[in-house]
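Sharing a structure with you now.
Chain IDs A, B, C, D and E follow the sequence of writing; residue 1 opens each chain.
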Amino acid sequence: ELKFKPGEDARFHWADFETLKKVDLKGQTLSIFGPWRGEDEALVRSVLEYFSEATGVDLKYSSSENYEQQIVIDTQAGSPPDIAILPQPGLIQDLASKGLLTPLGDETAAWVKDNYGAGQSWVDLGTFKDKDGKAGYFAFPYKADVKSLVWYSPDNFEEAGYEVPKTQEELQALSEKIIADGGTPWCIGLGSGGATGWPATDWVEDIMLRTQPPETYDKWVKNEIPFNDPAVVGALDIFAKIATDDKMVSGGAAAVSATDFRDSPKGLFSVPPKCYLHHQASFIPSFFPEGTKLGQDADFFYYPTYASKPELGTPVLGAGTLAMITKDTKASRAFIEFLKLPLAHELWMAQGSFVTPFKSVNNDAYASDALKKQGEILSGASTFRFDGSDLMPGKIGAGAFWTGMIDLVGGKPAADVAADVQKSWDAIK
Amino acid sequence: MTAQILSAVFTIIIGVGGCVVYFWTANRLLDVIFPSRGVSGAAAIDNLRRQGYIRPWLFVGPAMLILAVYLIYPVVATLILSVHDRTGQNFVGMANYSWAFGDREFLQAIFNNILWLAVVPAACTFLGLIIAVLTDKIWWGNIAKSLVFAPLAISFVGASVIWKFVYEYRGEGQAQIGILNAIVQYFGGNPQVWISTPFWNNFFLMVILIWIQTGFAMVILSSALRGIPDETIEAATIDGASGFQIFWKIMIPQIWGTIAVVWTTITILVLKVFDIVLTMTNGQWNSNTLANLMFDWMFRGGGDFGRGAAIAVIIMLAVVPIMIWNIRQANREGGGH
Amino acid sequence: MADLTLTSVKKAYGNLNILHGIDLDIKSGEFIVFVGPSGCGKSTLLRTIAGLEEITGGTLEIAGEKVNDVPPSKRGIAMVFQSYALYPHMTVYDNMAFSMRIGRENKTEIDRRVRQAAEILQLTKYLERLPKALSGGQRQRVAIGRAIVRNPKVFLFDEPLSNLDAALRVATRIEIAKLKESMPETTMIYVTHDQVEAMTLANRIVVLKDGRIEQVGSPMELYRHPGNLFVAQFIGSPAMNILPATIEKTGQPTIVSHVGGHNVSVPVATPADAAGTKVSFGVRPEDLNIATGKDFLFEGVVDYIEQLGEVQMAYIQVGRVTEPLVAKLPGNAEIQRGGVLRLTADPGDLHIFDADGRSFARDRLAAKAA
Amino acid sequence: MASSTGKSFLGRFGVHIAVLIFVAIWTIPTLGILVSSLRDKNQLAVTGWWTALVTSSQNDDGRLGTAADQVEKDGKFLIMGNLLKAGDNRTISAFGIKSQAPTEFAAGAVADLGDGVTLQVNDDGFYVQSSPVAFEGDRGRRIYFASSMPPRFTTDNYQTVLFSEGIGRSFINSLTVTIPATIIPILIAAFAAYALAWMRFPGRALLIATIIGLLVVPLQMSLIPLLKLYNGVGLFFGVPAKTYLGIWLAHTGFGLPFAIYLLRSYIAGLPREIMESARIDGASDFEIFIKIVLPLSFPVLASFAIFQFLWVWNDLLVAMVFLGSGSDQLVLTGKLNALLGSRGGNWEILTTSAFVTILVPLAVFFSLQRYFVRGLLAGSVKGG
Amino acid sequence: MADLTLTSVKKAYGNLNILHGIDLDIKSGEFIVFVGPSGCGKSTLLRTIAGLEEITGGTLEIAGEKVNDVPPSKRGIAMVFQSYALYPHMTVYDNMAFSMRIGRENKTEIDRRVRQAAEILQLTKYLERLPKALSGGQRQRVAIGRAIVRNPKVFLFDEPLSNLDAALRVATRIEIAKLKESMPETTMIYVTHDQVEAMTLANRIVVLKDGRIEQVGSPMELYRHPGNLFVAQFIGSPAMNILPATIEKTGQPTIVSHVGGHNVSVPVATPADAAGTKVSFGVRPEDLNIATGKDFLFEGVVDYIEQLGEVQMAYIQVGRVTEPLVAKLPGNAEIQRGGVLRLTADPGDLHIFDADGRSFARDRLAAKAA
């Protein structure tokens, strides 16, 4: 069942489909293990359908709630899937260092550099040391998320007479105005079960990119500067000022870490609104109330930069999923080639919740204006940086950093929080 | 669909049948090789003696084999891993252990685990026992039991959702969607962030496990309770014992062995439990436990097998006292020849 | 004061009626013994009295109060179970002390009473053992001990001595009799299969059969004047010999002719209309003597002899009677298997029963009682 | 039991009350998700589940028609429509035009929106917006209203879950995994437990100790070595590594220590005279086990069966690792899990699938409960 | 052929010695009865013979083969347990059929044998019941039935009739005797507390005490010539009266003076060195008669009377003897509590035992046996 009939919709690069047909994988199997479940799974399957249709490969996609755990087990035990797609560079790095990944080769790296927006950033992201300590290009980016977004309700803004802020300074002023009007500016929810705290790390990273040069960001992520470097502590402080201020956040500071990140944006749409602003990545509309129309009932703006720091340009924080070859077969090679085709991106773009830094795609294929706008933010970025917490070692990026954020919103001084995280980092070295 | 069902039925029959066939043929074979019926006295007795040597092994053989493959082999692998580094390649001696006992988080986890061990097995066993006894006396006991049992049938994911709707916190003055806070607010209290209040959150997590495992204790204890000879209870009634006294002095001592089993099982479960901690807090807010810590080190971001394994070994060592206690218990009861 | 009144007490397990309406008055301080064939409902009756089985019909009163729904513990009873029902997890001492501890009695008093009971029952050596390390008889004694340390209004004993050896049985029986004497107000209800126990202990014996009462009366009454064939055969061991007979002449005395011999005169009144009817003629083995003179009741061939020491049982084939007649003769009587034996009996020891098995002497008894 | 006679009314009543309290405490959380699973997705995160049981009043927003919908009448431009969907039996009590004051006007009142524009909203949701000049723009005006809503439940969530594609298949897969993975360990463990309780052989005590020790082995530690082993075996024999046999054995292995431990303690408690009697009757250990021990151990076999069934039924990890996640192997938990979004926010699905998965184990529990018979051993031996 | 030979068989539970070296030869086809006080080790001995208890010392041979280590099922035995040990989950029928089914016998044969046994034991009505729905006596009969449907070389019965009523007990006892008769090669070992059972059934009785054999012999031998004081008192009910006495003149007959009366001549030979020693003087209650002439053995006050119908027990306080003397007198003898009674006995029924309790007649017995 192909979603779009090949050749029928002009938005797609159908020529790619014909190219693909030349690859004959009949009788072969291709197992893909990815992070997408639920609606996303249906979408990815619809894309993969074209690959198997064209090549004749017997394709199996699977995912799991415990996919992180499972990929470790499967690869370690020697029964990996052919292709693994994962959103965590840290995990990928580990797999690479254990020699469980197949390098994609220099020409692929070169291809990414040339064809992706902020291409070098993406290449760097997918380059890891292998078992022998030799660097190689292992992970091909497919599907990105833009994180530096602030969501709001245009109606509420209109009624209250608020304008979309262009700079951090304006944003600050807007917050104060909202408070003065008797409202609450922000809805923040850090709750995510065992992963509670992560939304704050995104925000802090966003602040880092807006207060420090990208090099400092990179050093921070690699712990080349300590976590309790004044640069980091400063960023933490900025966030803490918002999140620990009962007037600034809906429900008060105590609610911040207790509210589920999936629930918190709903405050934007309640009557009367519980808040006016929500900082979250591009995926969040899935958690807006049913029937919410993007662009009409809800919209977003780029998390602004400081007018006082023009030299930093317009940095974009993002994330994405990276595809790797975990078992080197003809089919898995062919699959990576497939990802290099615009069609592979457009098919998903057209169905929503997909942004890509691939420059050759037809932007008209985006399902909505909102996505298109995100795509533009992504391609217009002066700097692109991957979610720092995902780059840090698991124990930090998916552990101490999260915990630190919870401590931070719990009122612990930023310096202490940073020192704690650094201590944990020291412990795992 | 029917084809699927047929093949499933076929598979099931093969699986279960294979097992039955093993025991049946193995024992038959023993009878055939060393016949005891229809041969002359002395030979029969000799054969029977030989059977006596071999048959226990036929009985425990499959269990031993499976235990060896599925548990002992991994335990050995774990032991080996625990003296290697994160990749499992390089020998590091006791470094992982010395790291563990210097790690703040690990010590916190030990402390929490002790709390859990002190509270959960006792609570589950006690509540399970009470419910088992009480439900035995009423006509709707089976329904009541099923309701208490139900949490056990809910997956951990389901359970975490359920408890989310219990502990959920919304800011003061807002409509609470967590029933606990709704009650607190109804009575004029301030809503609490139950799950992220260090130390006390341990107890709120324990409540979940107690809620789940009480059904377990109840089921096992209730089957044991029914094995108590009625006459002893009748005798006690006549001796003038009240319901309470019968419970404490007649019933409990007679099912003491089963209580020990339940207690041990839950204790061990507590040592192993991580799902609740993982889904509710992932060990944040000082609520980590050893099992979750192990899981964390094993799988998070690629994992550190050495440290994960070291923690696993420590968990396994924690069971030694329980083991000794149980063996004593088993010896005391006698049982068998 | 613990009168017991049972008024048409019924008990059924599902559709199976076990007790078919038991009417019984037990006066405070009486020693009542239930006897009856195995499975006739003795234990069940005891258990309903104890309150362990719900009565499916009728009423049970203790001391004038209806106790149908009163829990066992409130009926003021102690019971020895046929199957002992010891507490397997308690030592002998604790088994016996349990009820007193429950009653929060004084420690030294408990100790005194337990040790006293243990002494009586020769259990002192075993006080610290668990039931599973006891022999059958020892277990039974613990069960008895458990009852006698208490001070109940009503004692219920279900075959308490069945696993004891003769000496111990006599000793314990006497202890029970003494116990009874020392508590004149206490009612005792006792189930046994042992005739001697029944005879020596009971004030009154209740003979049960298939869940119905056959006869109630003092031991000698039952022995001398059994109300019916069943009681006649049940009381006394070996059982009374019964032969078919025909009434030749009614009135007082009655003349009957029985299959085994000639006409006999029995000093019992029979109504005139009974003339010529088939009756059963009974005589107890122990009432038979070897005829010394020419006069005899039966003549037969000795089939088999059981030598029991002081006495011997002679099984004698008399005429066309299918079952051999049993005679209990002195151990030193010189009789031989295969020899011919003539037996005689005192006319006062002869019984006749009508076709329904009821004793003709009954009327006389009833008359006497009135 | 003696309780039938002689329980005072108060005593009996007390038991009922006590059980009722326990049951209530145990059920309320579950009831919460049952109600939640029947609720509308949007309301889950907004109001407590218990409010769904009564008529609730809540503030809502709605959007008026756009300029395209307007009609001209008597020189006025009107936009008419209904804020409520058909079949939505809510009633509107008040409405407002500012989200800060959502109940400014009572239902039926005419609100002045300035510039001669007026708005009237009736309690049935019908509204008229009138303006002296023509409306413009393609975005309808947002207004707010308070509505009261009788309890309303939907089975949509259940439909989503129960009729999702391949659910039947995965249900069968689950059963194929679960049934043998329940029965095999029972068989193996029962034999072993009998041997450990009633047979004499060297190393018995050691074996018992080992089994208790193995109870604690964390499952997660075993997965990698075992999967390695499976892969090795698969490669060696040229068979697939992930098979039903593999997962049965895996579940058997993980369930076995507990099974042996539990069964042994029960079987050792059976009256010794019965076994002796059977032995004298000429029964071999095998026959004693089959004919005497198994029937008498039914209560404990049933309890273990319930637990093993539950664990296997609810397991996802072991199934994913040892069976794989292709659609022809995917078990029910896996299938339901796949229905959840990647970020796991679909509580309505979670709650619903929690209830769907609970049904089979509950049925198993109910059907096995009748084996928990009282007095199984009654009448066999006398003594203490 | 199933001779049984026990050679210093010992059994201990931990440190507790129960059997202290039992030597016993049982010939094929013999009917042996074990008697002894409760807890003396009868059941234990039976269980060691069955192979249910491991022997801690000595050897056990069946048919000439050492069977110490032979499992129970290969010893060719059937056993009735004191505690029944029924299979609770099987009906009465299945309980009885179990062993034959295990032996893979023919279905119709099983059915025939089970029904036959049920008929004998009056269990036919209960064949489909589970043990828990049976009365105590019925359970016991099932246990017996289970043994008799088998065809073993050796039968072991542990108090099989203790819960049966008199009639049934007699009937079952006779059935067991018949069973024995119909299987002359089958050895039966039987534990009982019932003197009558022991006396009537046994070829030889083994008297046990505290895990030791006191005496082995035919019933009459034990009754007439008890080897020692213990056996003398144990066999016979009520027990033999024992009084302290002194030998006045040794030889044949011996003259003794006992505390209760004057000198008595006992037709037993005593060695010369026994002159003047303290001995025990014994006479059975049933051997005492009311003295009609002037000659009497004892004179005493009637303390208490037990009226048993055909006989009565008189408890008589004689002189300084602490225990009252028991006399079994005809039921119609006119005696009164408090009255003075003179008793006499046949000299041949008198016994004397030395200070260690051994009978002086023993030597004579031994001589006779040789």
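Operating definition for what follows: a contact is a pair of C-beta atoms (placed from the backbone, for glycine too) under 8 Å apart; a residue touches a chain by one contact, two chains touch by 3 or more.
Listed by chain with UniProt protein names: B = Sugar ABC transporter permease; C, E = ABC transporter ATP-binding protein; D = Carbohydrate ABC transporter permease.
As the structure is a prediction and not an experimental result, all values here were calculated from the model.
Chemist: Show me the overlap between the contact partners of subunit A and those of subunit E.
Modeler: Where subunit A and subunit E share a partner, that partner set is B, D.
Chemist: Starting from the defined contact criterion, work out which chains touch subunit C and subunit D both, please.
Modeler: Correct list: B, E.
Chemist: Tally the contacting C-beta pairs at the A-B interface and at the B-E interface, and name the larger one.
Modeler: More contacting C-beta pairs are found at A-B.
Chemist: Kindly work out which chain lies most centrally, taking the average of its C-alpha atoms as its position.
Modeler: Of all chains shown, the one whose C-alpha centroid lies nearest the global centroid is B.
Chemist: Could you find the chain whose CA centre sits the greatest distance from that of subunit E?
Modeler: Comparing chain centres, A lies farthest from subunit E.
Chemist: Centroid of subunit D to centroid of subunit E, CA atoms only: how many Å?
Modeler: 68
Chemist: Distance-wise, how many Å sit between the C-alpha centres of subunit A and subunit C, to the nearest whole number?
Modeler: Inter-chain centre distance comes to 94 Å.
Chemist: Please work out the Cα centroid separation of subunit A and subunit D, and write it as a whole number of Å.
Modeler: So the centroids are 32 Å from each other.
Chemist: Rounded to the nearest whole Å, what is the centre-to-centre distance of subunit B and subunit D, using the mean of the C-alpha atoms as each centre?
Modeler: It comes to 20 Å between the two C-alpha centres.
Chemist: Could you say which residues in subunit D touch two or more other chains, in rising order?
Modeler: In subunit D, the residues touching two or more other chains are 2, 6-7, 45-46, 220, 224-226, 284, 316, 337, 375-378, 382-383.
Chemist: Where in subunit E do residues touch two or more of the other chains?
Modeler: 71, 73, 83, 103, 133-134, 136
Chemist: Which residues belonging to subunit B are in contact with no fewer than two other chains?
Modeler: Where subunit B meets two or more other chains at a single residue, that happens at 36, 157, 164, 229, 234, 237, 295, 298-299.
Chemist: Going by the touch definition at the top, which pairs of chains touch each other?
Modeler: The list of touching pairs comes to A-B, A-D, B-C, B-D, B-E, C-D, C-E, D-E.
Chemist: Per the contact definition, I'd like the list of subunit B residues that touch subunit D in the complex.
Modeler: Result: residues 1, 4-5, 8, 11-12, 15-16, 19-20, 23, 27, 31, 36, 51, 53, 55-60, 62-64, 66-67, 69-75, 77-78, 127, 130-131, 134-138, 140-142, 144-159, 161-166, 175-179, 182, 211, 214, 216, 219-220, 222-224, 226-227, 229-230, 233-234, 237, 243, 257-258, 260-261, 264-265, 268, 271-272, 291, 294-295, 298-299, 308-309, 312, 315-316, 318-320, 322-323, 326-327, 330, 333-337 of subunit B touch subunit D.
Chemist: With touch defined as at the start, can you tell me which subunit D residues reach subunit E in the complex?
Modeler: 271, 273-274, 276-284, 287, 291-292, 295-296, 375-383
Chemist: How about subunit E: which of its residues touch subunit B in the complex?
Modeler: Subunit E reaches subunit B through residues 65, 67, 69-71, 73-74, 103-104.
Chemist: Which of the residues in subunit D end up touching subunit B in this complex?
Modeler: Going by the criterion above, the answer is residues 1-3, 6-7, 11-12, 15-16, 18-19, 22-23, 26-30, 32-33, 36, 44-51, 168-169, 172-173, 175-176, 179-180, 183-184, 187-189, 191-192, 194-201, 204-205, 207-222, 224-226, 229, 244-245, 248-250, 252-254, 256-258, 260-262, 265-266, 268-269, 272, 284-286, 289, 299-300, 302-303, 306-307, 310, 313-314, 316, 333, 337, 347, 350-351, 353-354, 357-358, 361-362, 365-366, 369, 372-378.
Chemist: Can you name the residues of subunit D that touch subunit A in the complex?
Modeler: Per the touch definition, subunit D meets subunit A at residues 41-42, 45-46, 59-61, 63, 98-102, 139, 142, 144, 220, 223-228, 230-232, 241-242, 316-317, 320-321, 324-326, 330, 334, 337-346, 349.
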